[in-house]
C-alpha cells in the first residue's frame, strides 16, 4: 500500500479524528505531538496483514505496536531528555518555562564551563590557566583518572581474556564448564561483595611485591579490580567470534606448512580481532562506568567520573552532572557504533550474514 | 596484528599522559573538612593566612564525616589526609582505636591575652588526640515566605503536622533525631540523655518520630538542607546552624532559625596516625586554633570559637552589617533549652540505635 | 566441529595393538597427544585463571574467612584470652584470671597500635552487649592504678557491672578467634544472657526482612522486565533485518550508557519537580500541590532498575526468538488453531530457553544492585547491598558486613548454578 492509499483508509481517518479530539480536550501542542508519536508510529509501521485477518487481529496488532512504541520511548527518552536539560540556564534538573517557550536566554552552556572550572584555584586567571585546569579542576582530574584506569585495565583484561578464550574454544579443553563459570563470575557476583573482598584483601600489608603497604588507595588496586570486572566481557565476545570458527582452516594452514605461530598470526588473529576489539570496548566501558570498586578502594586522589557523579547526585545535585552525562552519552553512541560496525565486519568475515 | 599492536601502544601512551594525577599532590598539606560554606570559612580564616605565612600549599578536600576513610587509610598504611575536621564522638572513637596521633596540649600557643592554651580553651574542648576549633549545633529552620501565619517557636512545632503542614527534612541516622523527638515530646533538653538511656525513653522517641515519618525527607550531607528549603522540597528542616546562616547572610534566603531544643557539638582537628606531612599538619593545627584565626572564622560562618579569648574579637559578618554574636550556638540567649551532644552515650549506643533506626526506616 | 580423529577411540577389534611408525602403540600415542592438547588448551587459560585467583577468588575467600574470624579479643588481651578459655563459666572467674585481665587492660590502654587498643576491644564487646563500650574505656583508664588484689573487688568498685557472670561469659566468647556471632547478627539473632541463641527483639530485626525484600523486589523487577521485554523482542525478531537492526540501537544505547547517567536521568524524570510530574500537572491529571512522590522510595528503585536491566532481558529473548521459524505459527493457524492457542502451544514453549536465560540473569544482577538503590532508594528502596556497604564504609563493623556479604553470595551462587544448569554460561551473549 502506498502512502497516499494508506491515507484514505478508515484507520487513518480514525487516527486523525482521535488526534483532533485529543487536541481539543487538552489544548496542548506538545501533548498532541506525543499522542501522534505513540499512536501514529504504530499505524505507519503496520505491515500489510493477510486479507483473511479479522478486525480483532488488526486491532490486536495495532495495540501491540502501540505498546512497543511506548516501550521504546521508555527505553530511550530518559537518555535523550538529559541532553536539552544540560543546557538549562537555571540550577535545576527540570525544564523551566523559558526553556519550554524556546527562549534563548533560558539556555546556557554554563554547566559545561563548570566542568572545566570547578575546583580550579584561579578559574579567571589568564596565566597558567591550562595547567591549573589540567591539574586542579575536579572533573578534569576525574576524567584523567577514569581514562587512565580504563585503558590499563582494558589492556590487562583483553590480553588475559583473549588468551583464555582461545583455550576455552578449543574442542579438547578440559573442565570447560567449570572454568568458564569461574571466568564469568566477576560479572555475576554482586559488585559490593567483590569490592568488599578486594578491600580486605588489598589492604593487607607485606603481602604484595613492590607494595608493602597494600594496594588500597592506590592506582594499582583499582586497575586490578577493573581488569577483573572486564574479563567476563572479553571472554564472552571473543568466544562468540570463535564459535562457528571453521577449525579446518587451522589444519589447512598447517597442512600447507605454516608453523603454529604463523597460523595464529595469519589465520586466527584476523578472525578474532573484531571480537577482541569489541571485547576491549566492553571492558573499557565497564571500567569507565564502574563506581562500586572505586568507592571501596579509592581515595580522593583516585576519584573517577562516575564516582564524582555519585557523590554529586547524593549531595548537591547540579546540572553539571547532566552536562557530564551528555558528554558520556555521546561517547556511548560512538562506542556503540564502533561495536556494531565490528560485529558486522566479523559476521561478514565469517560468512554468517550476507554483506 | 599491526592493528592490535598499534591500539595497545596508543592505549599505553594515552594512559601515561592521563596518569601522574596522584604524583602532583605530594608535598601539599591535605586538609579535610565538611565542604560547602563551612570549608569556605576555614579557607578564608585558616588556609589563606597560613599559605601567606608559610608558603606551604594547602589542598582542601571534602568528606561527609565518620571515621571510615581515616581507618582505611591508617590500616592501609597510605595516609593521604594530613589533618581532618571531625565530630567529637568520632574523634573519641578514632583515638580509642589508635587511629590518631596524640597531641601535646602544652605545645598549643597561648591565647592573645597570654592565657595558657589549656586554660584558654573552653572546658571539654581539648582531648588526647583532638583539638576543638568550633562549637556548632543542629537546629531547625523554615522559610519565612512559605510559613506566613503563626511562626514555629518550639521543637514541638516541628513535629506538629496539623499546625504546620508540609514536608520535614531530617538527617538520616539516629543521632540528634532521637533527642529532638524527646524534646518535642516534652522532655527538658538537659534531661534528654537520662531518658534516652532507658528502653522506654527510646520507644518514646521512636513513637514521636512515627508521627511525622510519612512526611520526612532524609538528608545526609550538610549542604542539602538549605537547598531543600530553597527548592521548596520541605517546609522545615533540621540543619547545621552555620549552613542556614550562610544561606541567609550570603544568598539573602528568607530562612529563620528556631533555637529551641538544639543539640550542640564540637568540631575538632585530628591528625591521622602516620600522616605524610605530620609536622606541617601539627603546625597548621596550632596556627588555625590561635585566638585570631578562630575569631576570624566566626566572621564567615556562625560557629562559636573554642577559645575564650576569641569571643571578644567576634564582630560582624565579613561583608555585611550582621552582628555575629547572637548567631552563635553559644550565645546565652540561644542556650536556654539546649543540650550538648553526649558523645559517651552515642559511643555506647550508636550501633544498636542505628540498627533500630534502620529497621524503623525500612518499615 | 569436534575433531573426530582426536576424541573418538579408534575402532580396533583385533587383539594385537596397532603400532605407530615409531613403534609406540597407537592407542598410547593417541592418549599422549590428546593429553598434550588438553594441557595446551588449559595452559592458555592459566594466566587468566591465576590472575582471577589473586584479584578475585582470594579476596572473596578472605571475606568469608573474616565473617567467622575476629581476633580482636585475643589481640588486645593475649594473656587473658588464654586463661579465660578454660574457665568453667560458673559464677565469676577466679581472681587469678581477673588479675591477668586487669594487667592486660592496663597494657592495652598504653598500646597505640591499630587493632590492639582498648578501644578495639570495647567496640567488639559493644556488638555483643550494646551500651558496654564506655565500661571498658572507663575501666581501662584506671586499670594501672589497681596494683593488688582482690582484683574483682577493685573492678566492681570502678563499676558494679563487672559483678555480672554473663559479662564474663561474653568476654570468654569474644576472646575466641572464631565466632558465629556475626552470622547470628546477620540473621537477626543473638546470644541471650545465658549464652543460648535467640531471635533479636522485633524492633531491631532488619537484615532478614531486608534480604527478603531484596529477593522479592528482584523478582518483581524481573517480572516487569519480562512483561516489557517479551513483546519488544518478539517485534524485533519478526521485523526485516534492516529495521530490526535500527530498532536494536534503541535497546543497545541504554545498555552502553553509563549507569550513573541513566540514574541521573531518572532523577530528572521522576522527582517531584521533575518531568513526569510536570507533564501530569500540565495535562491536568494532578494538582500542582499533589505531585506524586515517585523517587527516593521503592517506586523509584523499581522503575530505574527495570530500565537499567531491561537490555539483559531483551537480548537473550531476542536471540532465541530470532531462531524460531515463522512458518511454525503459520502452520498452526492453517490447521485451525486460534491465534492465542497457537501462541500458547507452539510459539511460547520455544521461547522458554530465552526466558530462562533472561529472567535468571536479570534476577541475579538485580539482587546484588547497589548504586541505583543508594541514589534513588530513599528509605524503603534500600537493598541488602546497601546495608553491606554501610557496614564496610560507615559503621565499620567489617565482620558483620562480611557475614551479610557471604549470605548474599550464597543466594547469588545458587541462582548462578541454576543458570549454568538450565542455560549454560557459554550461551551468554551481548548483541
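Per-chain residue numbering starts at 1, and chain names A, B and C are given in the order in which the chains are listed.
Please note the rule applied: a residue touches a chain if its C-beta (ideal position, glycine included) is under 8 Å from a C-beta of that chain, and two chains touch if they have at least 3 such contacts.
In this text the structure is predicted, and so the values were computed from the model without any measurement.
Centrality annotation: C (chain centre taken as mean Cα position, compared with the mean over all protein Cα atoms). Each chain gets a centre from the mean of its Cα atoms; the one farthest from the centre of chain C is B. Averaging Cα coordinates per chain places chain B and chain C 33 Å apart.
Between chain A and chain B the centroid-to-centroid distance comes to 38 Å (mean Cα coordinates, whole Å). Separating the centre of chain A from that of chain C, both taken as means of CA atoms, is a distance of 24 Å. Counting only residues that touch two or more partner chains, chain A has 92, 199, 314, 317. Chain C has residues 273, 392-393 in contact with two or more other chains.
Shared interface positions of chain B, defined as residues touching 2 or more other chains, are 75, 231.
Residues of chain C that touch chain A in their complex: 1-3, 6-7, 34, 37-38, 40-45, 47-49, 51-52, 55-63, 66, 228, 231-232, 235, 241, 245, 247, 249-254, 256-269, 271, 273-275, 278, 282-284, 307, 310, 339, 364-365, 367-371, 374-375, 385, 388-389, 392-393, 398, 401-402, 405, 408-409, 412, 416, 420, 424-426, 428-431.
Residue ranges of chain A in contact with chain C, taken from their complex: 26, 28, 30-31, 57, 60, 64-65, 67-68, 71-72, 74-79, 81-82, 85, 92-95, 156, 160-161, 163-164, 166-168, 170-177, 179-186, 188-194, 196-202, 224-225, 227-228, 231, 233, 236-237, 239-240, 247, 282, 285, 288-289, 291-292, 295-296, 306, 309-310, 313-314, 317, 321-322, 325, 328-329, 332-333, 335-336, 339-340, 343, 353. Note for the complex: chain A touches chain B at residues 92, 135, 141, 144-145, 147-148, 151-152, 154-155, 199, 203, 205, 212-214, 216-219, 265, 269, 273, 276-277, 280, 299-302, 314-317. The residues of chain C lying in touch with chain B in their complex are 111-120, 122-123, 126-127, 130-134, 137, 203-206, 209-210, 213, 272-273, 296, 378-380, 382, 387, 392-397. The touching residues of chain B, counted against chain C in their complex, run 66-68, 71, 74-75, 93, 95-99, 102, 172, 206, 217-218, 231, 233, 273, 344, 347-352, 354-356, 358-363.
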